[in-house]
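When the chains are written out, they are named A, B and C in that same order, and each has its own residue count from 1.
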């Protein structure tokens, strides 16, 4: 019964800013995702976890218009944005950080951020200052070429670039992948800071435990389908989830 | 020998200008532009047309400046021709390459259409001007200056070096200081991320073709001033251009600059042992050796 | 035009179209089936023609020897010339292939441009090799004793058709074999094919060499038809570009298609010759360029609107349906 009321609360549309329904998408003949649903409410952090190859990255790419779904829809604040190109979505306030190749290596940190602000026509120097406050180490090296930075610093640049547009929704694909442990916790702390400024986040993460710790709600995806979803705490305490995805 | 090296540097600077344009287009679009040589031809002949045609009717003086072989007509024709060929280059993209890109055509099909475009340009030149060699200023005596160390160099050639240097500096400033320049560098790094960031890729592509075409035109005019114009001039440059771009690391503009100078010197020095007509063959052999031994060139460049 | 004249014209047309069809078949192996971007066809054309000349010409004697320089002359019969052209072109393709086939397609393209240009420059400037720009003349024509010279073309047409058919059948056999299927797999998706354990390089080399040998035969056929050859014939336009247009027009990846393409494009090419009769006097000397401009524009139109060509690529290549 609680589950029933919970679902009604979650589905209530006042707060929902992103709604994904029945998404089926794939490459050429093989479908990766089948009838996937997801909701994001304003101000939330939603984490998507699941085994490798579950299609988590594919879902983000589909939302962002890099892939065209065969079936299903994506709604941004009620407006149907299914299949719209990235360059348009960026203007609607969605930003995306891919898992790999997410910085411009031959440009400096400052220039990477400037490129993030390409579509802005106003003076964004204030925003750049805010990014440097969020990531002080970037401010110290702002004229260094990003190709020479460490993995953790690059990830910061990648997120900073995406934040330059003052997005309302930020989608991160495995932000902690390949990072040294001290950077991992730092990145997660920053994600919470970003959320506090009012940005809603969708997070795809291998590090399922941390991802659920930070999140309000979580979705478990496996072999391209929704397996489970619910309050993050509930998922953390769920024994099945714990055994399969949280490493016991 | 010293003279060969000096002239090699002059020729090399012209090759550099072409190679930089080629590398720019390759770095950003991953497109081996086989029409680049003929864009040089187009630039040279557009300038010829202006200098011999409209500017004569407009009454612009044909006086030459001091020791140089040209006057106001060429000074005005030069940037106009660059703009015209930039326009042609963008037009080719709009009409041909963009269509093929939208269909997801392979790189080979795109390269083939560039090859077709190069022949179309060359046929156009042949139809209008015929197959003979032409000069901007026939019959003009252009004595060489004597510099210290017994180097002989014509005033025109010193100016060529200066113009190339100027254009290279302007390009550098554009790429480093302007928003579009940075967007072009970002796109060369990672086109998909550029799209994700909201960069207007179509505009980047337009600027890339425009600048590539403009630089090719400049190189063609400079060659025409220095040597002569003939319809195959650009095609003959294709091998040295590619060799220079690969030598510097394809996609690496500063590498293309150095690569061009090296190619110029090597080609010129080779004339001490081989007939001058073999210069493209020399470029070709160097390119094959490079591809065998060190395909990333001296400084490394962009891969696919 | 009197009937006899028309027939002679058509025979002449068919011979040239047939010779170009041979080139198209060779390019089809390299490009249509394997995806190799060879812009140096003119080089193999040139070498094929000259090698056959070297093999079939008698050594120049007497005062003639003062004017004609040949690096060697073997005075052997026509079939040996054909074979020799094929073999030499195959060897040269092998040598060129070693550095270039490992490269990406763009690099192969520029390398083949370089080879064609270098070959032409060498033949043009090295007098001792093949008489430089003056070229070689007096190439023997096979079976010329059978008929009066006015009717010889009929014989040659039959020879060209026979050679074309033999080559066509050989290629068709090869393409439908497992070897051919690997080639097509390479063209579709090189990465997966490599991962399934096939040595990509070997297959590409075999296709490259095979195609080059066919082109060499085409060059030899050309030489014995025109009797006289010189380096200026083997330009990027006549030797390379027009073959590409033929292949793309007819349907790359389809042997019947490329033969059709050869005939269609050659018909357009020679057909435009009549149009130049209508040109104003001042433009008459520019006629070949106008005609080539038309061919060039035609290629672009084909690439944009019908890249598959007239017949399109063959769907089923293997006898074993998959």
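One rule holds in what follows: contacts are C-beta pairs under 8 Å (C-beta built on N, C-alpha and C of every residue); 3 or more make two chains touch, one makes a residue touch a chain.
All of these numbers come straight from a predicted model, not from anything done at the bench.
*Asks:* Work through the pairs of chains, note which ones touch, and then classify the graph as line, ring, star, complete or other.
*Replies:* line
*Asks:* As a test of whether you follow the contact definition, which chain pair has the most C-beta contact pairs?
*Replies:* The largest set of C-beta contacts joins the chains B-C.
*Asks:* Using only alpha carbons, which chain's centroid is the nearest to the whole structure's centroid?
*Replies:* B
*Asks:* Report the inter-chain centroid distance for chain B and chain C in whole angstrom, where each centroid is the mean of the CA atoms.
*Replies:* Here the centre of chain C sits 32 Å away from the centre of chain B.
*Asks:* Please report how many Å separate the Cα centroid of chain A from that of chain B, as a whole number.
*Replies:* About 45 Å, centre to centre.
*Asks:* Using CA atom averages as chain centres, what separation in Å is found between chain A and chain C?
*Replies:* Result: the chain centres lie 56 Å from each other.
*Asks:* Enumerate the contact residues on chain A facing chain B in the complex.
*Replies:* Residues 64, 66, 85-87, 90-91, 96, 98, 101-107, 111-112, 114-116, 118-119, 161-162, 165.
*Asks:* Using the touch definition from the top, list the residues of chain C that touch chain B in their complex.
*Replies:* Checking each residue of chain C against chain B gives 35, 37, 39, 99-100, 103-107, 109-111, 113-115, 117-118, 121-122, 124-125, 236-237, 241, 244, 248, 283, 285-286, 289-290, 292-293, 296-297, 299-300, 303-304, 307.
*Asks:* Over in the complex, which chain B residues touch chain A? Could you list them?
*Replies:* 179, 182-183, 185-186, 188-190, 192-201
*Asks:* Going by the contact rule set out above, which residues of chain B touch chain C in the complex?
*Replies:* Counting only chain B, the residues touching chain C are 32, 34, 96, 99-100, 105, 107-109, 111-113, 115-117, 119-120, 123-124, 126-127, 130, 235, 238-239, 242, 246, 275, 277-278, 280-281, 283-285, 287-288, 291-292, 295, 304.
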